[in-house]
C-alpha cells in the first residue's frame, strides 16, 4: 500500500517536476517562517541531521553491501575534530567542517582495510570494535579530547558576519548539508563509481570478473560514507555546543542502523524516511513515559515483520531478499531505471 | 611473578564466564545461522529468574540453574518466533535489526517490571576459597569453570552421539538438505536456539552470583562480550567459542595488569580485530553454516 | 602459426588432498575457438577459475599474451583483456539487462568520484560512450527487446546471452565461456553456436567449456580433454574424437566418474 | 536528480505530519495561572533509568508534601516529567519545548552533565533556570547565570576527604585510588590529588574504569600489588558495593573509604558485611537518628520500591529550593525573579544540608564522616574538623 502511494507520488512528481521543485524549494526555505516554534524546528533539525547521518551509513551498507554497525565512531570523529579545531585552535566552522570530513574519511579508509579480508558479520564486528575503541580513546585521551569532561563552548558558525545559532538558523545548515549530500551522492551513484559499488553489492565475483577492483571500490565507498558522517558530526558539535564521549555509544550506532533499515537500504530516500519515522515516533510517544522505549522497540519489530525491506527500500536489490510477491512488483518498478 | 600469575587466574576465571556465555551464543548462531543481539537480555532474564527463585523458594543452586535455564528457554521460544522464524530467506540484516529491537524491548520492560535499580543477589553457595600455588581461587570461580567444562562436554556428547544432536548439526549445516531428509527443521532450529538461550540464562545466574548483584541493564556489555568471544572462535564452533571467551578474559586482565585499566575494552577489541585480520574466520575452521 | 594468447604450463590445483587439476598444459591461439571438455567433475571449471584468477594455481604458470598472470587477481586479469561467463550464471539479477551491460564497461571508462560530482567532460564522454556502446552490444546480441527487463526475470537461455553481452563490453582479447549451452533446448543451443561462430568471425578469441560432445565438436577448431583433473587428449576435433583415452573416459570409465566436484 | 527531489518532498510531508501530531506546545499560557509548573528532566528510560526513576519519585514526593500544606502562597506545584533517555539531543529538544511554553517556571534536572550542558545555552538564552540536582561537571553551573547545581563542588568534598577523612580520621598512609572515569569522577579525582599532594599523603596507585564495569578483580589485584593500606573509592553506591564484594572475594584486608555514594542504604543492601567499617564522606546522612531523613527515606522506599541513594535526596531538595525562592519573590513571579531569588537565597537548609549558591550557581557543601558499623551508618566526630 505504502509503495503504491509512493509510486503514485513519484508519477505525479514526474509529471510536474519543474513546478513541484520550485514549490518545494520555496517551501523548504520558508519552513522556519511557517513554524517559528523552535521546539518543532529542533526536531526537524534532529531529523535532518539523522537523515544525512543515516544516509551516509546507507552508502556503505545499502550501496556496496558491506556491513557497518559502528557508524557512531565516524560520527564521533567528525564531531571531535571540528570541536578540537574550533576550540583549541580557533578555526572557523567552515574549514573545520571540511577537515573533519577529510579526517573521518581517512579513518574510514583505515577501518576499511580489513575489508580486504573480511566480509559479512566479521566486518561488522570490526566496525563495532572500532566504534568502541574510538569512544574509549576519546574518553581517556584527556589532553586532546578533554577526556570525560568532554569539549564545551564550541563556537557557533558564522556566515557573512551572521552568527548561526538556534535551530531556526541551524535548520539551513542541516538542510544545505542534507541537500548537498543527496545531490553529490546521487551524481556519484549514477556514474561509473556508483555502478561499481552496486555491482559489488549484487554479486562480487561477477563484478570482479568484469574488472571492478572490489577492494579499492569498497575502500572508496567506506571513505565516502565516513566523509559524510564526519561532516554531520562536525555540524552536530557546534549545534549542541558541548560534546562528550557518552554521546557516541554503540546504542547510538544501532539507532542509526535501525533508521537506515526501517527506511529502507539502497535508496537515497530510505534513510530520510527512516530518520523521520524513528525521531517522530520517539517524540510522539512521549506521553507514554516509561513505556515510550517499549513502544519504540515494538514498532521496530512490527516494521521488520511488515516491511522487511524498509518503508521505501529498494525492491530492485539483493537487499530486499527473495520474496516472490516482491518480484512481481520489481518488474514494473524497474522500468524507470533505464532512463536515468 | 605472583602478581602476574594472579592476574592470569583472574583472566581465566573471567574468561570462563565469557566462555559460558559464548557457548550459548555459538550454539544459537550455529543452528539459527544468524547473529543475535538479544543474548545480553537472555543472560539478564536468566539472572532475574534465579534471583526470584532464590528469593521466593530456596537458595539452592540447582533450583537456580533449572529456573534460569527454563526462563531463558521460554524467552528463546519468543525470540525464535519474533526474530527468526519468518526471516530465514531474508537478507541477514533484517533478523539482526529484529534482535536489536527485541533486546531494547526486553531491557525496557525489565526496567519497568523488575525495577530499574541494582539488587543484591542471594548467595546459594558459601564463598570459600582454596590456595593453589599461593594464588587464591574462589569456590564460585571453580564452580564456573566446572560448569563451563561440564556443559561443553554435555553439549559435545549430545551433539556428536545422539540422533537428536546429529539432527541439530545437520540443520546447522544445511537447512534445505535437512528438510529433504525428513528433519523438522523449524522445530530443531527452535530447540537449538532455546538450548543456546538456556545456557545463556545459566551464565547469567552464575554471573549474578559472582558479582553478587543484578541490574536490568547488565545485559548490554555481556551480550557484546559473548558476541566477541564467539566471533573469535569462528562464531559457530562451540569449543572454539569457549576458548575465545577465555582468551578475551585473559587479554583484558593482562592488559589491565601490564598497561592500564582505562583501555580495558580496547584490549579485547584490538585483540579481536588482530585475530580477525590474521585469521579471518576466527581461531577455528568453519564448522556448520556461515552466518 | 598465430600468436599464442593464453598458455598454461603444468598447472595444478590441489584442495587439500584433492587434486582438482593436475599438471595441465594448454595453448590457445589468437582467433581460435578453443574447447575444453570432459565428464562432470573433470576439473574444467576449476581450470577456468585458475585462468581467470579466481584461484591461484598450486603449481604451474599461466601466461596471458605472454605475461605471467598467476599472481594476479580476477579484476587485474579482466583489465588485461580476459572476460568470462560463469557456469551458474552470475548476473546482477536485480538489475536490468542494460545496467548489467553498462557495468561491463567499467574498465573502459575513467570517471572518478571527482568527475562524477562535477559532471565534467570525462564524465559526460564516458556516459555517452557507455550508453551508446551498451546499446550496440545489446543489439548485436539480440537483446534489444529485453533492454529494460530485470535480468533475474529472463529465461535461462537469454540470461546466458546477457552474460555474454556483459563480457563483450570489456572488449576482451579472449572470451571464456563456461558451459554456455547448459540448460538450453536444441534450438537455443543451435542459435548459440551460430552466435559464437559469428563472434569469432568478428575477431574474438573464444574458449568454451562444454561436456556436450556434439556441440563442441562442431564448434571448435581445437580441443583439450580433461578427466579427473588431468589432460588426456588435445588437438583438433578429429584427433580427439578418435583418441582412445577420450572414448574410455566418456563411454568406458566415464560412468563411474563423478566422485568429485569441479 | 528526480529521486532526490522526491525525497525533499517526503521530508516536507513528514514535517507536516510532525506539525500535526506533536501536540503543539500551548504557548498561550501566562505566568499568572493558579499553579506553579516546573519541568523535570530525567532519564526515565535508557541506561540511567535507575536514577531517572529516583528523580521522578523524589521530586513528586516534595511536590505532594508542599501541596498538602497548601502549596506556595496558596498555589499548587505541578511537576511535569520529561523523559530524556540520557540523550542530550532529546534533552535539548525538550528544553526548547519548555522555553516556548510560558507555563514552566523553571527546569529541574537534567541528570547527567552531558545533557545539562547541552541544555544550558538554550535555557540560558530563554532565561529559564535549570536547577540540576546532580550535574557535577565543574564548568556546568558557570555556563550562564541561569544554571544551578546543588551536587556540591568537588573542590569542597575532595580536599575534605583527603585531609580529614583519610589523613586525620583514618590515619591512612599509603592510599590506592580508584575512580570512575566520568566528568564527576574525574574532577573529584583531580581535586583529591591536588590535596593529597599538599597533605603529603602517599598515593601508591591510581586506576580508573569506564562506567558500566562489573568486574574489578584485575584492577583490584593491580592496586593491591602496590600495597596500599587504604583504598579511596571515588564512585557511586553500586560500584562501591561491587568493589567491596570483590575485595572480599580476593581475600584482601584493606581499609575502604568512599567519596560519592553518601549514606545510601543501597551499599549495605548490596554488599552487606563486606562494607563493614567503610568510611565515607557525606554532606548529610540518612540514619535512624536523623528522624526527618529517616522518614523521608522510608517514604521514598515505599514509593519507589528501592532504597534511595544520594541522587533522589538532592532531587527532593530542588523542589524545596524553588519553593523557598518563590516565597522570597516580592513582585510578580517570573522566570527571572526565580533566578534572582535562587541566587540570593540564604539560610536554606534542606534534607541534604544547608544550600547557598555562590556566584556561578554552584554550592560548596559541608561534609561529615560516616562509618558503617553493624550494617548501620554511624556519624564520626572525633577528629579536629575546623568548620
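Think of it as A, B, C and D in the order they're written, each chain with its own count starting at 1.
The rule we apply is simple: contacts are C-beta pairs under 8 Å (C-beta built on N, C-alpha and C of every residue); 3 or more make two chains touch, one makes a residue touch a chain.
Please read these numbers as outputs of a predicted model, since none were measured by experiment.
Taken together, chain C and chain D share the touching chains A.
When the interfaces B-D and A-D are ranked by C-beta pairs in contact, the top one is A-D.
Among the remaining chains, C is positioned farthest from chain A, on the basis of C-alpha centroids. One finds 48 Å separating the Cα centroids of chain B and chain C. Chain A and chain D have Cα centroids lying 35 Å from one another. Separation between the centroids of chain A and chain B, computed from CA atoms only, is 32 Å. Shown for chain B are the residues that touch two or more other chains, namely 108, 111, 262, 265.
Under the contact definition stated at the top, the residues of chain D that touch 2 or more other chains are 45, 47, 49, 53, 181, 210. Across the assembly, chain A contributes 136, 139-140, 290, 293, 318, 320 as residues in contact with two or more other chains.
Chain contacts here follow an irregular pattern that is not a line, a ring, a star or a complete set. By the document's touch criterion, interfaces exist between A-B, A-C, A-D, B-D. Considering their complex, residues 52, 54, 73-76, 78-79, 83-84, 86, 90-96, 98-99, 102-107, 109-113, 115-117, 119, 123, 126-127, 130, 147-150, 152-153, 166-167, 169-170 of chain C touch chain A.
Per the touch definition, chain B reaches chain A in the complex via residues 35, 37, 82-83, 86-87, 89-95, 97-98, 100-102, 104-105, 108-109, 111-112, 224, 227-228, 231, 235, 262-263, 265-266, 269-270, 272-273, 276-277, 280-282, 290-291.
Residue ranges of chain D in contact with chain B, taken from their complex: 45, 47, 49-50, 52-53, 181, 207-210, 212-215, 217-219, 221-222, 225, 238, 241-242, 245-246, 248-251, 266, 269-272, 305-307.
By the touch rule above, chain A contacts chain B in their complex via residues 61, 67, 114, 117-118, 120-122, 124-126, 128-130, 132-133, 136-137, 139-140, 250, 254, 257-258, 261-262, 265, 290-291, 293-294, 296-298, 300-301, 304-305, 308, 318-323. Residue ranges of chain D in contact with chain A, taken from their complex: 1-12, 14-15, 17-19, 21-22, 24-25, 27, 44-47, 49, 53, 81-83, 85, 87-90, 92-93, 96-97, 99-100, 112-114, 117-118, 120-121, 125, 137-139, 143, 181-183, 185-187, 210-211.
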